[in-house]
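Consider the two complexes below, in which chain A is the common component and chain B and chain C are the respective partners.
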Partner chain A sequence: MYVILGKERFNDFISRLSEMRRLFAPAVLKGYNNFAFEKVTSGKEIAIKYIPTILPPKKFFIPQRETLLEFNIAQGIDAEAVVEYEPMTIFGVHTCDLAGIQCLNMVFSERPKDYNYLTRGSKIVLIGLECNEYCDEYASCNLVNATFPCGGYDLFFTDLGDYFVIHVNTRSGDEIIKEIGSFEKVDTSHINELEKLREKKRKVFGNEVPIEGKHIPELFDRSFGASVWKDLEERCLACGNCTNVCPTCYCFDIRDEVELNLESGIRYRVWYSCQLEPFAKVAGGINFRKERSARQKHRYYRKFRYPVDRFTRFFCTGCGRCTRTCMAGISLKETLNDLIKESES
Partner chain B sequence: MEKMVIKDSSYRIKKAKILHTKKMTENEKFFEIVLKSGESLDHEPGQFVMISLLGIGEIPISVCSSPTRRDSFDICVRAVGKVTTCIHKLEAGDEVGIRGPYGKGFPVSILEGNSLLIIAGGLGIAPLRSLINYVLANRRDFGMVHILLGCKEPKELLFSEELEQWNERTDLYYACTVDRAAPDWAGNVGLITTLIPGVDIEPVRTFAAVVGPPVMYKFVIKELLAKEIPERQILLSFERHMKCGNGKCGRCQIQSLYCCQDGPVFNYEQIKNMSEAF
Partner chain C sequence: MEKPKVAFFDFACCEGCQLQVANIGEGLLDVLGSIDVVEFREVMSEKWDKELDVAIIEGSITNPHAVERIKQIRERAKVLIAYGSCATIGGVNGMKNNFSFDDIRKYVYGDSYQFFPTEITKAVHQAVKVDYFVNGCPIYIPEFITVLKAVLQGIPYDVPDYPVCVECKLNENVCMYDREVTCLGTVTKAGCNSWCINNGNICYGCRGMVSNPNEKGAQDVLTKYKIPMDLVLNKMNMYNKCREIF
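So, the complex of A and B:
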């Protein structure tokens, strides 16, 4: 089902939405040339046109740090598994980031299920927002089929000038529409406009890298020994920025922390990165990915090869964040291009 | 931020009590553990548990007793760092937390009706002791059983009383070698690979089960292939850094495989083309 929201009603819609649950939306980070998902209460705070935020909305689904266990060790041991969560609405999620959340959903609902993730995720209402224009030269969403919406949201907004056309995808989406109630019915002219926009996008959003998505797994099958990885070795600083900002990177470390009373404490997980040197180290000093080239290679295979077997999709959403953030100028598109060149030569 | 207790969390720990400990060597200590709920751990040989010392950390440790003993289970811990050193300080009566068992162990029902060539290097005897004791408890179901053991020096030999019993049994073929002999050592000296050519087996009906330090695998596999044991019948257990045991944290990945869930026991055919495995 589709409904229409006139632009003049947008601010009112956002205020009402923020009264229902805490609301997060893309906003300009003041003083920086950047965007972030921030808490908002009015439409004016929202950047309707934005390029991918510094951190993807995964920060709400897997917080950088979250408690898994609360324990007491005063007498014997006593521990309880807990989940921390916060009911919220996230407005303005682009299709690349919706795809990222879909990837995380698959990982954390694969058995053994992760109830910390699933419980938290079930309390989050997602409102998507279509990209009418290509965000910048770093994106590659078309290559990985993330340019158009395909589920993963409760409501999906497309900006068509004077109004938004909204796709209602779930019952929670429908409840919002019913509760706020300032929407108009959709007619064929609206749908035609939407189709026209999508048609235009199909022409503008071309494949960013000269390869068809279906051939990428084969490319990677041929590239395990490629010299491209050696080149990355020389540039990568192993800082882990690329994995932090990636919408589908979820690796973590688990640590314990004890209160000063030495009786109670928590076990928590924190984001961790396969790019950091100790990631794959085991007792006896052996490190299974000692070289930075092996670690960069692992990152690319975890985006373009391994998940294809496990989940039948890429774990790259084409958002371009890893390239935008890399201090050493390592570019995902360039790496793919180099792999293609090397495999053809 | 709201908070609630989740009963089915995969991070929930079971309370367990240490029944008995034994210092085995300078670096290894043995623990017999019982779950306080009274339930059995119900593991397979080759599986591991996550052992928690709350406030210090949680680590993967192989279960080294046979699942045929249901009222308690054993582990053997080498002190190498923070958690393992603290575990060494524990004694009978102390409590630990347990998650698991985890992973795919040795597929004992598939091994039935075959001969076994069990190869243990160093601490690799821990998970293999579980398999060996399982096989001994069900001895009639298996063909010939060969146990080859190797370690650096005689003083590092683990489970020495059991080794002597195995040595005396007539239904086992047992051999042991050390890299460096001690003055009172009368046994074999040399790498474990030197023991393999002399083993008399019928390769198509034999499964090899190999656990040892990473450097050992390449050389042992070469010898096993030379003996014409089919690739699928060569079972190897891999050690990787592990944090969650649930196939999530990513620490244990060997290319597309998660050692904690898809392994730690793999057959050679599964991983032979994975350069990260060796």
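So, the complex of A and C:
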């Protein structure tokens, strides 16, 4: 089902939406062409045109620090599992980031299921927003089929000038439409406009790297010993920016922290990254991915090769964040291009 | 269980890290509930010359007297914590190592300089064995508490061996290089929650360099942003001059 929202009603819609649950959206505040999902209460705070935010919306699905267990060891061991969650709405999620959340959903639904993630995710309402054009030259969403909406949202907005056409995809989405009630019925002219936009997009968005998606797994099968990885060794600063900003990187570390009385405490998890020096360090001081090249290679295989076997999809959503954020200028598109060149030579 | 006897000592420093501890606020009550502070010059008059469970050392080692004194403290203490940049990496006192010591002494003490012996500035671990490090100028209180908890439990604490960029990115700060400002976060150990950058300042490298920095890669980044090498070396030397002593 589709409905229409006139642009003049957008601010009112956002205000009403923020009254229903806490509302997060890409905010204008950051400057220097940097955006972030922030709490908003009015349409004016939202950047409708934005390039991917510094952190993807995974920050709402996997908090950077999340309590898993509370324990008391004063007399014996008394421990209780904790699930932290809060109902919220996220507005303005691009298709790349929706794809990222779909990937995370698959990972955390595998057995043993991650109830912390799944419970929190079930309380989050997602409102997508279509990209009418490329955000910038770093994106490669077409390569991984993330340019067009492909589910994973409750409502999906497409900006068609004076109005948004909205796809209502779930019951939660439908409830918002019914409760706010500022919407109009869609007619064929609106759907034609939407089709026209999509047709135009099909012409603008092409494969950003000269390879078809279906050949990427073979490319990686041939490239384990490629010299491309050695080049990354010299450039990578091992700052972990690429993984922290990645919508599908979910690795975490689990730690215990006791109170100063040494009687009670919590077990919590924090984001962690395979790019960091201590990540693969084990007892005895041995590090089984000591070279930065091994760590970068691992990152690429975790995006383009391993998940293909396990989840039958890429874990790259083409958002371009890793390239945009890399101090050393390591570019995902360039790496893929170099792998193609090397495999052909 | 008897509370461990803890003493705070200072060497060459500004005593700002002691001030940080004194300023913990409400959390200080929990700290004092778990340890027995027997000496702490900035907040109490009592002294302690017997055995210690924990010695907490601020400041760097800059003269023969300090070397002797830190050795004596080490002998008395079961556990020794170095805290603050001066103690953990040498800090700003290390800048002395850039100059001829006679020139430095004349500049500071004038004609009577020969009564004030000095020697190469060292971090505490360059003089005696250190069990725990709380880096930073000044120390970051949440990390100090975490280290204290590790000491009380008898488990090690590892200073994060990855750059400040990690925490800075999680805080969604606009990168200083995007603002065209030089920042040392790329090669400096995290653990401060990117405290300075969160507040609009750059990273000065006060926590010391990561153990395995990519020096070639870092040079390429400087070239990319057209930042002269000596500017960055000067910035590095502000806190990290003692890194060169092995």
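Following the convention adopted for this analysis, the second predicted complex is superposed on the first by the 342 of 345 C-alpha atoms of A that agree within 3 Å, B and C clash if a C-alpha of one lies under 4 Å from a C-alpha of the other, contacts with A are read in each partner's own complex, and residues count from 1 in each chain.
Rule of thumb we're sticking to: contacts are C-beta pairs under 8 Å (C-beta built on N, C-alpha and C of every residue); 3 or more make two chains touch, one makes a residue touch a chain.
Source: prediction; values computed, not measured.
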Look at A:F71 in the shared chain and tell me whether it touches chain B only, chain C only, both, or neither; answer first, second, both or neither. first
A:V107 contacts which: chain B (first), chain C (second), both, neither? first
Determine, under the contact definition given at the top, whether A:C236 touches first (chain B), second (chain C), both, or neither. second
Counting only touches as set out at the top, which of chain B and chain C does A:V258 meet: first, second, both, neither? both
Chain B versus chain C as contact partner of A:D187, first or second or both or neither: neither
Taking the superposition on A as described, I'd like to know which of chain B and chain C A:V245 touches: first, second, both or neither. second
Please work out whether A:R292 is in contact with chain B alone, chain C alone, both, or neither, and reply first, second, both or neither. second
A:A283 in the overlay: touching chain B, chain C, both, or neither? Say first, second, both or neither. first
Which parts of chain A are touched by chain B and by chain C alike? 257-258, 262
List of chain C residues in touch with chain A within their complex: 30-31, 33-34, 145-146, 148-149, 152-153, 158, 160-163, 165-166, 169-170, 172, 174-175, 177-179, 186-187, 210-214, 216-218, 220-221, 224
Can you list the chain A residues touching chain C in their complex? 30-34, 36, 53-55, 64, 234-241, 244-245, 257-262, 271, 273, 276-278, 292, 325, 327-329
Looking at the complex, which residues from chain B come into contact with chain A? 1-13, 15, 52, 54-58, 78, 80-81, 84, 95-97, 213-214, 239-241, 243-244, 246-251, 253-256, 275-276
Note which residues of chain A are touching chain B in the complex, please. 67-69, 71, 73, 76-77, 79-87, 107-108, 110, 112-116, 119, 224, 250-258, 262, 265, 267, 269, 272, 274, 279-284, 286, 288-289, 294, 298, 301-302, 305-306, 309-310
